[in-house]
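The two complexes that follow have chain A in common; it is paired with chain B in the first and with chain C in the second.
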Partner chain A sequence: MNIIQSTCISAQNTFLTPEPAFGHLPAGSKLEAKEPPYENIPRSLLRRMGKAVRMGVGAALPLIEKNITPNGIIIGTGNGGMEDCIRFLNQIIDYDEGTLTPTNFVQSTANAIAAQAGLMSGNLGYNITHVHRGLAFENAVIDALMLLKENPKANYLLGGIDEISTYNFNIDQLGGWVKEEFPATQDIYETTSNGSLAGEGAVVFVVGNAPDKPDIKACQTLHSTHSQEVMQSLGAMVELHLPGGFADVDVLISGENGDGRFKHFYTDCEALLTNNTAIARFKHLSGEFPSASAFGLWLSGEILKHQTIPVNALKNPGSTSTFKNVLIYNNFRGQQHGFMLVGLG
Partner chain B sequence: MDREILVKDLKKHIITYLNLLDMTPEDLKNDVPLFGDELGLDSIDSVELIVLLEREYGIKIEDPKEGRKVLVDVNTIADYIIAKTPA
Partner chain C sequence: MPSVMITGIGAISPLGNTVDEHREAFAQGKSGLSRLEMFTTRYADLLYFGEIKTSSDALRSILGVSEKNVTRNSLLALHAMQEALQMSGLEPQQIAASGTALIGANTTAGICLTDELYHDANRDTNPSAYINDYDAGSINIFLQRIFNIKGVVNTINTACSSSANAIAYGTRLIKSGMADRAIVGGVDSLAKFTINGFNALGILSSEKCRPFDKNRNGLNLGEGAAFLILEREDLTGNKKILAEVTGYANTNDAYHPSSLSPQGNGPYLAMKTALETAGLKPYDIGYINTHGTGTENNDEVEAIAMGRLFEKIPAFGSSKSSIGHTLGAAGAIEAVVSVLNLMYQEIFPSLNFDTPMYEQAPAPATHHQKVEIAHIMSNSFGFGAIAVH
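So, the complex of A and B:
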């Protein structure tokens, strides 16, 4: 399954630009997305959209408008339009289950993103939303991989989207998933405290069979709290798809997020690599959110396309000068592990 | 009830309930049709306006025919609120 095109709305300058720029720093513990003006969304629709829907549709429409009629729309989102959902639930309490307005309800369901993109583009194909928290995006990828095996000539719109909602941010902070006020100048990876930076974004791909484009060779998920089990599963996937095993991995894109409790997963993963492998990290650029691995996949496409790792993302340059195989390892809260292998040719 | 204050208040509510981006109460003219080309409101917005009247002014519109006469522009809504509000 190849990545034919992609768009990325994130906290960085990544949307519809040939040269993405990574210099945006967090405000406190939040890395909020830099939203474009959404000129292709009618104002009458835009005013009703919550942030997740807005970002998702905003990222999807340029791809649909460009030249492709996808055979389906497959979205992964951990939380969907959480802000509107909370607004709707608050209305139920505030107005004692009386008259409620439909907009917040309609916009808050997780499948509103894929549905709205389908409605606006008149796409009557397969339309589905995967909502498996930290593996929502990986499950969307697996869905697309299976569909393409059945329909090799098809192409699909595949996306990972999540927003920071005020409610969720507060709950996550109370739960120890977000660092307390975090200075923008501090290196998140040097901290040993609990939590990470809250993030959000919308990354959408057109995937299909196009041999000259980056190829998503494999995607696998695992629920586990045991690093040894995770590394065994990761090793088995790499050996199945790369003849030289980890020696063939040119770049590791690590989902390390500065949460001291789960750093050992990433350290153990890095220990599997040879000295050739370069290591890149992205959570200081995207922030942490359930479908953040979509940003990692987008980054892999950029690395393979430009044959260079953005300096802001680089942890270890390794000794390889050409990049053919990229391994993405991400875990969500130390429980949900996602592996993706992307290559050229 | 002071009509001028009511209209100002009503416009603020309309902008909030309908999330009319980039619009100020001054931009919203009293006699411009709400459901014409200018604002581009639709049937979902009419439900939002009915909920606005109920929540903010305690007025229920239950007859759709009545709604069509009331939800024309800011003036008609303001007149309806004044007529329905006990002196």
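So, the complex of A and C:
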């Protein structure tokens, strides 16, 4: 399954830019997306859209308009439209279940992003939303991999989207998932405290079979709290798909996020690599969110396309200078692990 | 591609806590719709609901769950999943094998705790016990932990068609070789969130819902959970095969965020594609378990879409006339009902039907009948207008 095209709305200048620019490194515990002006969404509609829907549709529409009528829309999102969800919930409590307007309710359902993108593009094809927390996007990828086996000539829109709303930020902060100190973003990896930086974004891909484009060779997931088990599973996947095993991995894109509780997973993963492998990381650029691995996948495509690792994302250069195979390892809250292998040719 | 067999089913709804109780109640034409006795909302006495009269505390003790942060959704899901696993006779090591997937659907997850979520999201008190369990994934992550599931674990939300999509996803995992077995299903419990949401849309009925009746005036919300065990044919051994998943399809109506297109393009295309996937002709279908919510829009459009596909519309009915609309659980519960129909070669009465919607309009089957049926179609349509089979 190849990445034919992609768009990325993130905390960085990544939307429809020729090469990723990762200069935006603010301090604080929230990395908010730099949203484009959304010129192709009618203003009246745009005003009513929650942020997740707006970012998701905003990222999807240029791809739909550019070329293809996709055969379906597959979205992964951990939270969906959380802002609308709690707005409606606040109405319920504040007006004691009185007469309410349904707009927030309809927008709050997690599948509003895929549904709205389908509605605006008149797409009658497959339409689904995967919402399995930190593996929502990986499950969307697995779905797309299966669909392309079933229909090799098809193209699908595949997206990972999550928003920071005041409410999920509050919940994540209460749950201990956001750092309480305010490190400079690039310093989060030096901290040992709990939590990470809150992030958000919308990354949408057109995937199909196009052999000259970056190829998503495999996507595998595991629920586990035991690093040894996770590394075994990761090792088995790499051995299965790369003849030279880890020696063939040119770049590791690591989901390391500065949460001291789970750093050992990434350390153990790096220990599997040879000196060839360059290591990149991105959570200081994108922030942490359930579908953040979509940003990792987008970054892998950019690295393969431009044959260079953006300097701000580089942790360790490795000895290889041509990049053919990229491994993405991300874990969410030390329990949900996703591995993706992306390669050229 | 390998065939995918159903070897276990489990269900809990207002009609019963087990599959056997469901069969008996459905056959007798019992209604599970009532005023609310356990759940508190200002609509408790104003509308009808499909409420399970087993409290969350009672479920906790039946299931031996002591952790505080387990929601009613997780409890109902565990109840139904355990029954399905027992019926299929899967051993713990088979459940925990890397080839066994868990695919669950829901739309409310922790939102069923409307008041707790209100306080946590607005940060006006200390965190509640549920602080990490509001999101959609929380239910299946809970089930994953209990059974130590190591295969693909996924949660799907396509609103009211969610669990039909979960069944299709599990089937495709097996067909594509990415899983050997899949535990698939869905759950939703009553929530102030959905009650007020559907009420704001003006589609909740103050009477017991009347699918496909001229005087239908809305749906009743219900709660429940159902799970099915899917296994690749060659792994079923001597097990009793309850049914086979032969066809499925998911299409988008692309008409309106909360209603269906007048010609039912999405539903028509989904039914048609599901038949094609199964390699069946319309006349092979012996019964349709419709989406049949009892809203003006759904039933009319569903009838039109059925009329477009079937030269002669087969016998059909709506399980929602007995238990209400259980949202993310509906597709799975209705799949379980369809499996029962096939196993016992019978169809159950669709309730509260009196007058056809218009002259020549198709009428649901209203009596318990023994029939010969080989194939059943089960419809689910969702918000954002996705149709699934």
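Things to note:
The rule we apply is simple: the second predicted complex is superposed on the first by the 339 of 345 C-alpha atoms of A that agree within 3 Å, B and C clash if a C-alpha of one lies under 4 Å from a C-alpha of the other, contacts with A are read in each partner's own complex, and residues count from 1 in each chain.
Just so we're on the same page, a contact is a pair of C-beta atoms (placed from the backbone, for glycine too) under 8 Å apart; a residue touches a chain by one contact, two chains touch by 3 or more.
Not measured: the values here are computed from a predicted model.
In the three-chain model built by superposing on chain A, chain B fits alongside chain C with no clash.
Once chain A of one complex is fitted onto chain A of the other, the partner contacts of A:235 are absent, as it touches neither chain B nor chain C.
By the touch criterion stated above, A:175 is placed in contact with chain C alone, chain B being left untouched.
Contacts of A:115 after superposition: chain C is touched, whereas chain B is not reached. Once the two complexes are laid over each other on the shared chain, residue contacts for A:73 go to chain C alone; chain B is not touched. Touch criterion not met for A:62: it reaches neither chain B nor chain C. Of the two partner chains placed around the shared chain by superposition, chain B and chain C are both touched by A:101.
Shared-chain residue A:46: touches chain B; no touch with chain C. Among chain B and chain C, the chain that touches a larger number of residues in chain A is C. The superposed model places chain B and chain C at 70 degrees from each other around the C-alpha centre of chain A, with the value given to the nearest 10.
Of all C-alpha pairs spanning chain B and chain C in the superposed arrangement, the closest lie 9 Å apart. Comparing the two complexes, residues 99-102, 106 of chain A contact chain B in one case and chain C in the other. Across the interface of their complex, chain C is touched by residues 72-73, 78-80, 85-86, 88-93, 96-97, 99-102, 105-106, 108-112, 114-116, 118-119, 121-136, 139, 142-143, 146, 149-150, 167-168, 170-171, 173-175, 221-224, 233, 290, 335-336 of chain A. Chain B makes touch with chain A in their complex at residues 17-21, 40-42, 44, 47-48, 50-51, 54-55.
By the touch criterion given at the top, residues 41-43, 98, 107, 111, 114-115, 117-118, 120-123, 127, 131-132, 134-138, 140-141, 144-145, 149-150, 152-159, 165, 169, 172-173, 176, 178, 192-193, 195-197, 199-201, 250-258, 265-266, 269, 382-386 of chain C touch chain A in their complex.
Those residues of chain A that touch chain B in the shared complex are 43-44, 46-48, 95, 98-103, 106.
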